[in-house]
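Below you'll find the structures, each written out as structure tokens.
In the two assemblies presented below, chain A is common to both, partnered first by chain B and then by chain C.
Moving on, here comes the complex of A and B:
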């Protein structure tokens, strides 16, 4: 066992390197800057490229271009940067350009509080692009999660050819802790499928799947556009072609729900209450449920690591044995709306807090006991 | 002690966050313990109240913040007034004698040491004030081996500044050991 001491942002950078990331572009913003600083240390010695763009918009453009050329691209920002990325996130979704986008969340709205954490952007990450195409969002709770989930994020982005978000938080990203990366269970590395054969059409794909990839700048002409396109990459107004592409973009994510679902749970015998949480809040939940168990009240926990697509099957299956479901969030209620779609409202108890402070284990115990 | 909960507080630029990081890193890397260090501060780079929480433990740490520290360090009056109330009854409260006039309204072992004045008299550079404070804390609490702190300093501080940092740590250690309660 080799203990090291690092913050969540460094663990993300290490996860990116482990996943084969070879390109980073970004623009500094608290509390995400140290992802960039760590990539700057780690990437060039491995032959990768690390660029500070002139702003967020340019940085996102660099990532899109690099990914089109076949690189595994990472960027990191906070809520205000996601706002600036938004137009090009839509481009990456529509044109099926893989990349990993780290959002080290801080308290919004707008520039909000640079030095205060919150899970501000949980709905924004899903809905911050045009057209409502589903996206993948993963939420780490600690430094080890930051490392492991970043590898998953790259794998998902390569397999489904889409941007994948990591919804971190100032209280994870800038918190340093003991971590043993040797204990991490990493998935095998996935790389995008390259097209082989003749007659390449850049967006020709199986239903509910991403198209095979060829890089721009190679021997084969690769056409990319942000406009509505058919399999050949040309603009189209053919309703059937448009409908088929819209459906495919949706299905390739939603139909993969089960293989995208990541979570952790603590099942306690004789518990009639389950607490659902995600991100840094799961740490306080774990503390409070351990204390409750010691005092003779067993309570189970479910910590969601995949937030989007909503793991509906998992939530349905994991909640059915419990009388009461408590949902705790570091905002005033964003993900509870997704859980409400699956779990009967009469069984749900919600507590949300958004004041720049972490929700304390004491508060959670109070909600579990009296809510 | 199975679990130590510390809060370092002061003003931006005094090095309280750096000191907290050095302590927690020493505990993890050189003493094989679990530790976590987080921080909260305002938007300004200098000035403004700064706080850093450290938990050192033999077991897993989940919630990263400290609600009731058993060791509290305050390096400004503002930090003292704001945080002295949160100390665990009977805890250790270390303050700098130049900047803080303790009110002693809380149940704690108050230790006021001339950290800043000693650093200025013996070294003449305020930049190592935080290392002197760390030395005093180790001397008072015997939380870690001083050698573990020195080893972290050796890996993080340029060689030319090592001598000055070691001296500051030793000054603090001597003051802390003398005043151990």
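Moving on, here comes the complex of A and C:
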């Protein structure tokens, strides 16, 4: 579509369409509403459903129902909406219902500031559901990322049969920038594996994999339940069956860590410092390291696009050549603790800011130089 | 009705019987009426999706051999809406208890009614929360005893029929478990109705409501439904207007059904390209 002037939220909507999304439901909330608005422009003309619920709870329910009927579903909200989604996120995780949830983050807690950005929900997205099952969270840093990562998000959700989050940010979602989506390298589209054969058991799966799928309303009767269930989809209290299912839900995500890991890096020769960041902050980090390189101080960067499951192997591998690891976050330190689990604390320098403003390249240079 | 019509074993998951409801519970009768209605309508099992929430009533979805979604408390109508919008040809039935329908799920209930989406909601009103141990519900009414109302309730109750009518449901009916033949007929008409249908069936919970309020066991509670309910417009109402009316309160096929209306939206958006 050549060079266009586009905000991240529109790029997410375009990514969803590219991924084959055919169902959207949502409830208005700043700064996510324009994802909905763009889906309204694109989905019904293709015969898709794009609907406004009576609240976030209902909208999420529509998406889950649609996904169980075989649709590729998307919803978009911000922190307060994620709070309301929480109960159904647990349902989607436990009942292995694919869908993509966009969180255009704003400054919390609670209502916070609807028009101020922050990476508020980085831990919330992982832990905002019951039982501590791992989830997949992708963090775009610009409009092009929004487009590409949305396609990845749909692919992951289909393959692993789970909700996948996009942790965007008001500053990406609602800022228009020049972008040429034709330059994007999109992964091949993944669709969920349909069951074939006789004797369908809704949750029978390989040990670390998602079960093959059949839609509600097809020729084979499908059972779905939010209750603890075994491969047959019936309620169970059998400890062995429960344990096996809990383990599988965990393993199917954690054991896929490497195939889920997306990142960008700039490796500069002779650098002894690496800056790790994610989201919109990565852009300021890139600017500041560019300036430092021009003034003779090479500093490398690692921008994480996959935040959950934590790409531990990548972080370990990418940090080992550096004496100093600087972590910059647009909150007061949500992801640094995950990095600390992999990187020795003595090598870590952290700067976090949560005041409604973007972190400036000047500030980042100061942290790199004097931190 | 021939004896054969009572054989509904093809519609149930027999391995889960006998069911888990308490002795004397009315919900089994509702299940029986529902299955017979489905049988008399000659519906294919694959055409039905039963979506339920949480509670005694919701366990119905585990007993029926249809497409079944046993979901989370109060949200069944939201899931059913998503399924229905995706596959409008399916017959969507949602059995609901007091809480699912009108406490935690009240918002979804009124909005589903307002939209007139083609879902049949069967509200099994036993005026109490059974599964969690006898707490009062928005259908209990004032002056009742419940686990959470040891000094008796002060909350007024919703009238399910009045609320459904006000919210815009295009088919609204009421019966009781004392009147299973009537229930079968009303459920059949509700399923056939294209739009949001509500069938309130007064059920009994002798275990909690009966005991706490000293209104006797299942027999006495059924007797109450026999004595205290009348067909709509019955002459008995002149003498005693407090009697509860049974029958069809609204049957309106003039209002566009939501999935049909949405099809027109898509048609407009596609500018005739479909």
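FYI, the second predicted complex is superposed on the first by the 370 of 371 C-alpha atoms of A that agree within 3 Å, B and C clash if a C-alpha of one lies under 4 Å from a C-alpha of the other, contacts with A are read in each partner's own complex, and residues count from 1 in each chain.
The rule is short, and it goes like this: contacts are C-beta pairs under 8 Å (C-beta built on N, C-alpha and C of every residue); 3 or more make two chains touch, one makes a residue touch a chain.
Just so it is clear, the structure is predicted and the values come from calculations on it, not from any experiment.
In the three-chain model built by superposing on chain A, chain B and chain C fit together without any clash.
Of the two partner chains placed by the overlay, only chain C lies in contact with A:47; chain B stays clear of it.
When chain A is checked against chain B and against chain C, the one touching more of its residues turns out to be C. Of the two partner chains placed by superposition, only chain B is touched by A:362; chain C is not.
Residue contacts after overlaying the shared chain place A:80 against neither chain B nor chain C. When the two complexes are overlaid on their common chain A, residue A:5 makes contact with chain B while staying clear of chain C. Centres of mass aside, this uses C-alpha centres: at chain A, the angle toward chain B and chain C in the superposed model is 110 degrees, to the nearest 10. Touch criterion met: A:178 reaches chain B, while chain C stays clear of it.
With both structures placed on the common chain, the touch criterion links A:280 to chain B but leaves chain C unconnected.
The overlay of the two complexes leaves chain B and chain C separated by a minimum Cα distance of 20 Å. Shared contact residues of chain A with chain B and chain C: none.
Every residue of chain C that touches chain A in the complex is listed here, in rising order: 16, 45-46, 49, 51, 54, 62, 65-72, 75, 77-87, 89-90, 107-108, 111, 262, 265-266, 268-271, 273-274. Considering their complex, residues 23, 25, 44-49, 51, 53-55, 57-71, 73, 87-88, 91, 215-227, 234-235 of chain A touch chain C.
Within the complex, the chain A residues that touch chain B are 3-5, 113-116, 171, 174-178, 280, 283-284, 286-287, 290, 358, 360-362.
The part of chain B that touches chain A in the complex is made up of residues 21, 24-25, 28-29, 32-43, 61-65, 67.
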